[in-house]
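Pasting the structures in now, so scroll down.
Heads up, the next two complexes both have subunit A, just with different partners, subunit B and then subunit C.
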Partner chain A sequence: MAKKVLNVEDDPDIRTFVTTVLEENGYIPIMAKDGEEGTKKVKQEKPDLIILDILMPKESGIKMYHELKRDPSHKDIPVVMLSGVSKRTFLRSQVALTEFGDETVPEPEAYLEKPVEAEDLAEILKKILG
Partner chain B sequence: MTGNEKRIKMSKLLIIDDEEGIRKVLSLSLASDGYEVSTAAGGEEGIEIFKKESPSIILTDIKMPGMDGIEVLKRVKESNPDAEVIMITGHGDMDLAIEALKLDASDFLNKPVKDEALSVALKRAEQRIAIREKLKAYTDDLENMVSIATEEVKRRSEFQNKLITSSNDGIVATDEEGTVVIYNKGAEEIFGYLRSEIIRKMSIYKLYPPAIVSEFRVGLEKRGDVDLSNWREVSIVTKGGEDVPTRFSGSILYGDGEVVGSVGFFQDLREIKRLQEELIKSERLAATGQTVAGLAHYIKNILNGLKGGTYVLNVALDRKNTDKIKSGWSMIERNVTRISDLVLDLLAYSKDRRPERENCFPNEIIQEVCTLMEAKARDNDIEIEKNLDPLVGEMFLDSKALHRSLLNLVSNAIDACIFDSTAKKKWQVTVSTAIEKNNIIRFEVADNGTGMDTETKEKIFSSLFSTKGERGTGLGLLVTEKIIKENGGEITVESQPGKGTTFTVYLPYQEVQKSATIS
Partner chain C sequence: MKTTTMLFVSEFEELWFDALQSLMGLRKAGLNHVVFLHVIQREKVAMRRGTGYLKQEERKLREIADIRFIDWAETLFEEGMEVGAHIAIGNVVPKILSVAEIEKVDLIVTARKRRGKLEELFAGSETSDLLRRTVKPVLIYNYLSQSGKVGENPFERLLLALDWSVSSEKVLDFVLSLKGAIKRVEIIHVLSEKGIGKLSKMEAHKVERDNKKRLDEVCDVFAKERFDARPHLYIGSAEEQIEKGASEHKATMIIVGTRRASVWKEKWSGSVAHSLAEKSELPLLVVPADVK
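Up next, the complex of A and B:
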């Protein structure tokens, strides 16, 4: 059975792009346009992998990732970050959240900086999902 | 030695007498007194010696055979009026003595010549010589001083002349009628008229701009006190009709309490104005350069979108999926629009643009802008409200500039709502128009989005600064401010974090032009 991949992304262009890459590689794309909608879709659809943007209106990827990884029922879903923000900045933001008393969370399974080539994205997905 | 020479020279004597005895006695006694004595036995010989030796004192007998004393006196005085001639007179020479007096003889000695009388006469003669010499020295000195003073006056006048002619400032002076009498090279360059066309030919009432003419007129016609001394900016219209910005100061000239003329000083500000404009331009270019990195990031995003678009389009074409062709194509279109907007913004920011005014309906332009932004607003649950003053009719203004500024402001307002993380807020962007006094139209774009703190508010117009991360170039507001200023308008901002932001634009407009040509 084809695996479900959730893409949380506010830029419609990137949603279209990711959708196409997913379809071309035999995955079922599910789309959410911000962190709030993304969290909802995680519960509803139980995706096999999440491709997550960082800078989004309403709820950011930083917060969504942190909550996802602390939720026992969702913490094992692999996450691929896809953002214009550098990996170092993202990791620092996660450390910063622990300073407010939150527990530490593991690093994401993969970190892709925009722009990403269709082949590179497909390769990462294949490596994680098999 | 020098002293002796002087004394000898000072005391050269010539004794003319036909009686050898007298010559001998006198010359012996005088030589022993230290005088250098020459003698002559008659008038002719005396004159010859006088011409050769130029003695300062001559003692001559009045009655002599051949040339007599009177004739000697005449000739001596002719050739040197300063020579001291002492006449030696005998009994019965009274008539001759009187004639000698008339001829300016210095003194008389009666025969037989007594030593005492002789020395008194000589002393007097020497005193007169000394006084004359002193007087001459004074006169020479005085003449010298007068010539030095004259030279100085001449030098000063020449200096002032040079100062006036070589001054970079335009200097124009007039007589009490207002007719130009001084008009230097600097003035030629500012006014465009040649000296030959102006000096004693033109009145400043014709030359100067009306703004200062009236003041000069009041001053020159003694109708009141005018103070022209404070430097002020005055625009001069040249002979060729060109406007020249100048700094001006002037004065009414008085002599003995009477008006004698006027003077005006003009500094050409063309170069300064040009440099100021260049400075502003170069500062702007520098600001552009500083954020090339930021722009590169933004451009990278656009390229990313284009690349993604071509990927989607290729896949769609392979699969013959019409829906996907559409979405891939619209991705490309959107990004082409983004990049062309960016290029337009950059051009608008780095280049000077003259307002292109035309007849247009500002309220309609707002409708267009709102329609363009409608989809984006709806997608993000934002309501756009229009509050347009029906009194805003057709106007003559730069419609393109207005469109661009309002589009930037409305787009920013929507972004401010999108990035507001307050839950369950009813986001709203309000666009309003109103007519203000003095042919000014007011536009207001208000949102209830994120708002800005003071620090952010200070930065928005001063640099390529963006709060939108990779989504913004920071150019939008700078371009907006620049084009509004180019149109003589003004833009202000009010903002409170968490409450929202209001941008207000004041734009001067003109009444509808009948023959709608570009001004």
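Up next, the complex of A and C:
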């Protein structure tokens, strides 16, 4: 059975690009346009993998990732970060959140900085999902 | 009333990251979420004869805004703040109102916004339009004089102008909710010169005594909450005296309340908040009487 991939992204152009890559590689794309909708879709759709942007309206990918990894029922879903925000900032922000008493969370399965080539994204997905 | 989420509206020409950083003192009062908004004016990408809708221009402007917001957001994310961003096309004021609603913000920060002269004559400035239509406190940020620099912490020394109306009570509640971020409050009430001129000497003294008493009572409220507050009674035109008080007491920001009024009523009867919003060189925080 084809695996479901949730893409949380506010930029419609990038959503279209990711959808195309997912469909061409035999995955079922699910879309969410911000972190708040993304969290809802995780609960509803139980995706096999999440591709997550960071700077979005309503809820950032940083907050969504942190909450996801602290939630026992969803923490094992692999996450590929796809953002214009640097990996260094992402990791520092996760550390900063733990300073407010939160638990530490593991690093994401992959971190891709925009722009990304279709082949690179497909290869990462194949490596993680098989 | 707590200020946890702030909407920072920037057109990049008038409000930069230094202004945003100067507001980080609000974290001591609970601020933990900043939402950026950049509005691309429709005329910049609108249909032109021969070229049609400027899709390429829109893409470029969005990309520029995105790069700037990512740079700003990275600093805030690393400090443990939550950050969101909206890039929209259209008219500034409706977009501000809509994003403020979507993101449930507690404070709107924007620079003074002007329109063409003719349009301002009929509709007022965009700042006035925003103040008329929003139920959120608005901080109008002006770069200090010609230096192009912003004060390090505008919340350090406030000039709080009270006229004893319902909106004054709302302003008072709002300032009290910023405990931790504010160092000192200069509380000012301005007596009308005209009103005092009509009274006998005895009556004028009574008015003066009553107002001083009210100011002292407000100072006591602040003292209970461990604010350093000082009362000041001025006389003259409210707008002029507030500016004068701010200068004399080296205030870093002015806070006033405002009531809802129509464009024309405001234009002819005047509004202290709107007038200060157009002229004051200091950052001005306006709290609406029906604040939500």
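Operating definition for what follows: the second predicted complex is superposed on the first by the 130 of 130 C-alpha atoms of A that agree within 3 Å, B and C clash if a C-alpha of one lies under 4 Å from a C-alpha of the other, contacts with A are read in each partner's own complex, and residues count from 1 in each chain.
As a convention for this text, a contact is a pair of C-beta atoms (placed from the backbone, for glycine too) under 8 Å apart; a residue touches a chain by one contact, two chains touch by 3 or more.
What you see is a predicted model; the values in this text were computed from it and never measured.
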Report clash or fit for the pair subunit B and subunit C bound to subunit A in the combined superposed model. clash
Check the residue A:P115 against both partner chains and state whether it touches subunit B (first), subunit C (second), both, or neither. first
Classify the contacts of A:K58 with the two partner chains as first (subunit B alone), second (subunit C alone), both, or neither. both
Can A:G84 be said to touch subunit B (first), subunit C (second), both, or neither? both
May I ask you to decide whether A:I14 touches subunit B, subunit C, both, or neither, giving the answer as first, second, both or neither? first
Which holds for A:T39: it touches subunit B only (first), subunit C only (second), both, or neither? neither
One more residue to check, A:E24. First (subunit B), second (subunit C), both or neither? first
Subunit C stretch colliding with subunit B in the overlay (listed: 25-33, 133-141, 151-159 or 187-195) is 133-141
So subunit A touches subunit B in one structure and subunit C in the other; where do those two contact lists coincide? 55, 57-59, 84
Residue numbers on subunit C that touch subunit A, as the complex places them: 35, 66-67, 69-70, 73-74, 77-80, 82-86, 99, 102-103
Can you check the complex and tell me which residues of subunit A touch subunit B? 11, 13-14, 16-17, 20-21, 23-24, 55, 57-59, 84, 114-115, 118
Which residues of subunit A touch subunit C in their complex? 34, 54-60, 62-63, 84-86, 89-90, 92-93, 96-97, 99-100
Residue set of subunit B touching subunit A in the complex reads 297, 300-301, 303-305, 307-309, 311-312, 315-316, 324, 327-328, 331, 334-335, 380, 418-421, 469-471
